[in-house]
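Next come two complexes, and both contain subunit A; in the first it sits with subunit B, in the second with subunit C.
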Partner chain A sequence: MTTMNKGIQGLKGKGSQRTMLEGALVLIVIALALVIRTKLPGGELRAVSTIFMFIALSQAWNIIGGFTGYASFGQVVFFGMGGYFTAVVMLKFHFSFWLALPLAGVFAAVFAALIGQPLLKLKGHYFAIATLGVAEGMREVVINLPDLTGGGAGISVPIAGTFAKTQYLGDAGFYLLFLGLALFAVGIGTLVSRNKFGYGLRAIHQNEDAAAAVGINTVRSKVMAYSLSAFITGVVGASYVFQQVTIFPERLFDVEITVLMIMMVVIGGSGTVVGPLLGAIGLQFISEYLREHFTNVHTFILAAIIILAVILIPQGAVNYFREGRRTKDYSLLANIRRYRL
Partner chain B sequence: MSTVPILETRGLGRRFGALDAVSDVSFSVNQGEILGVIGPNGAGKSTFINLVTGHIKPTSGQVLIDGKDMTGQAPWDIARAGVARTFQIVKPFNGMTVRQNIAVGIMYESHGTNRLSVALEQAEAILEEVGLGGSGDRMPGELSTADIRRLEFAKALATKPRLLLLDEVMAGLRPTEIEPSLELIRTLKARGTTVIVVEHVMKAIVAVSDRVLVLAQGKVLMQGGAHEVLADPRVIEVYLGHRYAKRQKGNA
Partner chain C sequence: MKKTPRTSAAIIAASCLAVFGINAIPAASAADVVTITLGASVPLTGSLAKEGLLTKEGYQFCQEKVNALSTATIGGKQKKIDIVYQDDTSKPDVAAQNLSKFNDKGIKLILSSYGSANVNAQAAVVELNKQTMVDSGGADDAIFNKGYTRTFNVMSPASEYATSMVKAISEMAKPKPVTMAFLSADDGFSKTVTLGGMKAATALGFTVIGPQYFPNATSDVSAALNKIKADKPDVILGSVHFVEGVAMIKQAKELGITPKSFAQTVAPPILDFATTLGPLAENVLGSSQWSSVVKGQEKYFGKASNYASEFLARFGHEATYHNAEASAACLAMVLAIEKTKSADADKIKTALSALDVQSFFGRIKFDSTGQNTFKPMVVIQIQKGKIITVWPRAIAQAKMIWPYVK
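Right after this comes the complex of A and B.
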């Protein structure tokens, strides 16, 4: 009994130590990000902002795709709807960006709750395809409502002069905005990874019948996860629109954005917080580096790297290292055997 | 103590297409009782449990818990009413440690803690109870068959049930591994928990059941004391065929 108590105390001590360490780490990262901001030229500020944007997006996807195990292949629909909502209310109703931003998230979340009711009854590939269909369909809807959305010709957000409620933020301003969104998303991810709700989602991921049998309302939990993930995706979309000023349906509902989110989560380690974070930084960084140094073949090399990563560590980098630490076996060959497709 | 049975079914039935998997099952269990449920393969035992816990919706009849009609309610509502179950085909949460598996049930129990750290501490006692003490940090995939059955048992206990439905938790266990499970069921009974034990291991049924219900082809064949039921020619017939039953009768 005494050893057990000691063990639990040890656990607690370790827990609070870990929290302090993490807190310190976050502060260092924020400080670094703020210092970098004053040093970098505009172009590179934009590149780092894009990394922040994908950190937020990958965390959002991880909530529904990683924790809950529902691979949303149409996640970009929330990005696009949050974005278009912002453009429309800023242009037609003269909303300030700071009011449009949270409302765009709510708009996406409500939409997710509505489509989630039927869609989340589907499993596996069926859910993936259905969400993809929703995203593709919504792009067509936006194109076919030219009076409201500008249709295929695009729409522009007012950014200067008396017509604009919120002045354009500039590279340095958007850098801060996307940094804030990334921190917000990582914070939400961390919370979900350690609370009752998140454990419910992980239980649903493993086995829905068993989850329901221990009292988890699987329908409500899944819809909440989907809405939360849509909220984050929606506010990121809203910010992206303000940054880009003029937007087109093809870009805002681009399936490539979903694919990037998924790749970042899967390569980094789905169902973890650090995984999508590293995946977003790593993939975006490599992609930028290749674009600069191997302009002609950069997508080719990037694809090769992604394929190699998926073959060698299909469970994602973070899960690979965690398992390696547990089993003391870092052999890639053994890993391929364990997870072979 | 109330006289309302903790669980009562009235004409409970489920039809799959042309097949009546369970039909017209009416019975009740009182608080603190241990009810054994036996029957040959395909008798509808698992379907019956699924009907009670809401994993399958009945096509006829009613399920009453504490006298309250809970027919067709969602599994989580039944769970929160104090009914827990194990699955015949074990369903561990594979991506979590054994301790985390238990913590989920503790947090989602209606009066349970909402804090993960507290739930993880409380999980330890349940693991000790089922004989998984010291295995809290292992992953379900690393456990033996016997331990994975214990985990299934522990997951059900985590929700602090008043009524526990055990669907073959002793299947595949060695005789020496069965005894601790029986001891645990007796402990639960002493605490006032009602237990419904579905088993093929007759020794286990005889050892713990206050009463035995026999299902055959989805219907209640008979119910009564364990020894009385097992000696009944009708029961011998459904298990071993009518010729064996006749021979037994001749010998007697």
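Right after this comes the complex of A and C.
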């Protein structure tokens, strides 16, 4: 008994030590990000803001796609809806951006809860295609409501003058906004990863019938995960719209944004918190570097890197290193054999 | 050879120089030359890659001509221009971000991207960064009604695209048609074109039908065609891009819709239009920013016909209006640099505001919003597979064939 108590106390000690370490790490990252903000010029700040944006988006996708195992190929619908909600309420109803921001998240989350009821009954490819259809459909809805959304001609949010309740934030301001969203999304991802709700999602991912058999309300859990994921994606879409000022449905509902989220999660490590974080930073940084330095062949090189990454480490970078640490074997050949052969 | 740490360091340093292209040794003639760098973010990949490449060719051609022929000096040194390119992947956010990165590097003079959405995003950033941009790829009037003062568009405004064809039909079509139906893609540029055309048509006494909108870049415009079929319009005027333009001609034939004339923006002047549609393309009217018979000349490109022949020799294909408008934008920037003998963005902006030149591209002069409202567009017609300028009369290569649909 005494030994067991000591063991539990030891685990608790290790847990609190880990929490303290993580807290310190977060503070260091924030301090570093704030220092970088003062050192970088405007164009670089904009580029780093995009990295923060994709950190938040990949974390959001990871909740439904990584933890729960429901690959949402139409995730961009929440990005677009959050964005258009913000543009419409700021332009037509003169909302401040700071009020529109959380409401955009709620709007996207409620929409996710509504469509989630029927969609989340589908599995695998069927779910993926259905979500893709929803995103494409919503883009058409936005295009066909020109009086409200500007349709194909686009819509501009007021950033100056009497109708602008919130002044434009500038490159430094948006850097802080997207940094905040990235931290928020990583925080949510960490919470989900470590609490009962998150364990339930993982159980659903492993075997949904077994999860239901042990008492997990799978429908409620899936809808909650989908809504939470949509909330984060919606607020990111809202921020993106304010940054861009003029928006068009083709970009706000661009399937490429979903594809990027998925690639970042898969390459970084699906179902982990660190994986999407590293995937977003790595992929966006490489993409940006290649575009700037290899103007004519950047997409070719990026595609080759992604193909190689998926072939060599299909389980994602984080899971690869975890397995390597456990087995003391980091051989890529062995990894290919393990996952491909 | 035994490698010492110093040797290894030298090898590493040399490798870094080779890999990252760091040029530590100035060119021998650098003392006699001042190079002014222009930034150009163009779509080299993505949905606008084709037009982006044509735009880049236009800029390249301008750089080569100017550097070969220019005798202008700045501070006693020979002036050269260097254009730095970035791919904006056909996305407005990347197009805007690229300009901010140019600004970080001190590049204040910008040649625009292609596409109204891209240029719209760029114009806002140009204003924030106090850069100066000459636009060759975004004609939507919406870009210029926001009070921006640092973006100048060498092209005729979007509202002129359909208006020019309405005027041409009104002047030259005998017997004069009565009804004119407007079909349009739903993007901002196309809508502006349509509204401008409808206004002109009403003013010139036509009975206007529509507008009927369809999604941008769609290959199915049959729903819009069906809605106007019962009205039996004399003219169907489409504010379209290439894909919708081709679809409109094909599907009208399939649906048995036979107006006296089809007129379309943007699509017919593209070389592929006639080759894709074959006989169906015959006699379709189109509006174009430029043709090789446009009047005007200047010292770098000479006349429009010179531009066309030299461009063909350089790039191996006929110059399109995309090429020409890009070269014209670059030309406007170069002339402003020569006028001010500086690369200062504010001075260039002032010089551009006062610029007035008759070039191979027609007149380049900007109104208070930055638009070139002084240059008329030309109307072309596909005749025996060739793009023939039919309006304005003064530069027409042949008479407009009318009516043509039997």
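FYI, the second predicted complex is superposed on the first by the 333 of 341 C-alpha atoms of A that agree within 3 Å, B and C clash if a C-alpha of one lies under 4 Å from a C-alpha of the other, contacts with A are read in each partner's own complex, and residues count from 1 in each chain.
Assume contacts are C-beta pairs under 8 Å (C-beta built on N, C-alpha and C of every residue); 3 or more make two chains touch, one makes a residue touch a chain.
Note that the coordinates shown come from a computational prediction; the quantities given were computed from them, not determined experimentally.
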Quiz item: Which partner does A:Thr38 contact after superposing on A: first (subunit B), second (subunit C), both, neither?
Solution: neither
Practice problem: Return first, second, both or neither, reflecting whether A:Gly151 touches subunit B, subunit C, both chains, or no partner chain. | Solution: second
Practice problem: Considering only the touch criterion stated at the top, classify A:Arg194 as touching first (subunit B), second (subunit C), both, or neither. | Solution: first
Quiz item: When the two structures are overlaid on chain A, which partner does A:Ile216 contact: first (subunit B), second (subunit C), both, or neither?
Solution: first
Quiz item: Which partner does A:Thr162 contact after superposing on A: first (subunit B), second (subunit C), both, neither?
Solution: neither
Practice problem: Look at A:Gly271 in the shared chain and tell me whether it touches subunit B only, subunit C only, both, or neither; answer first, second, both or neither. | Solution: first
Exercise. Identify the overlap between the subunit B-contacting and the subunit C-contacting residues of subunit A.
Key: none
Quiz item: Mind pulling up the subunit C residues that touch subunit A in the complex?
Solution: 44-45, 85-87, 89, 91-94, 96-104, 117, 120-121, 124, 128-129, 142, 146, 185-188, 190-191, 213, 215-216
Quiz item: Okay, in this complex, where on subunit A does subunit C touch?
Solution: 41-44, 46-47, 50, 140, 143, 146, 151-154, 156, 170-171, 240, 243-246, 248, 250-251, 254, 291-292, 295-296, 298-299
Quiz item: Within the complex, which stretch of subunit A touches subunit B?
Solution: 4, 8, 11-12, 15, 194-196, 199-200, 202-203, 205-207, 209-219, 271
Self-check item: Residues of subunit B that touch subunit A when the two form their complex
Solution: 53-55, 74-76, 79-80, 84-85, 87, 91-96, 100, 103-105, 107-110, 114-117, 119-121, 124, 155-156, 158-159
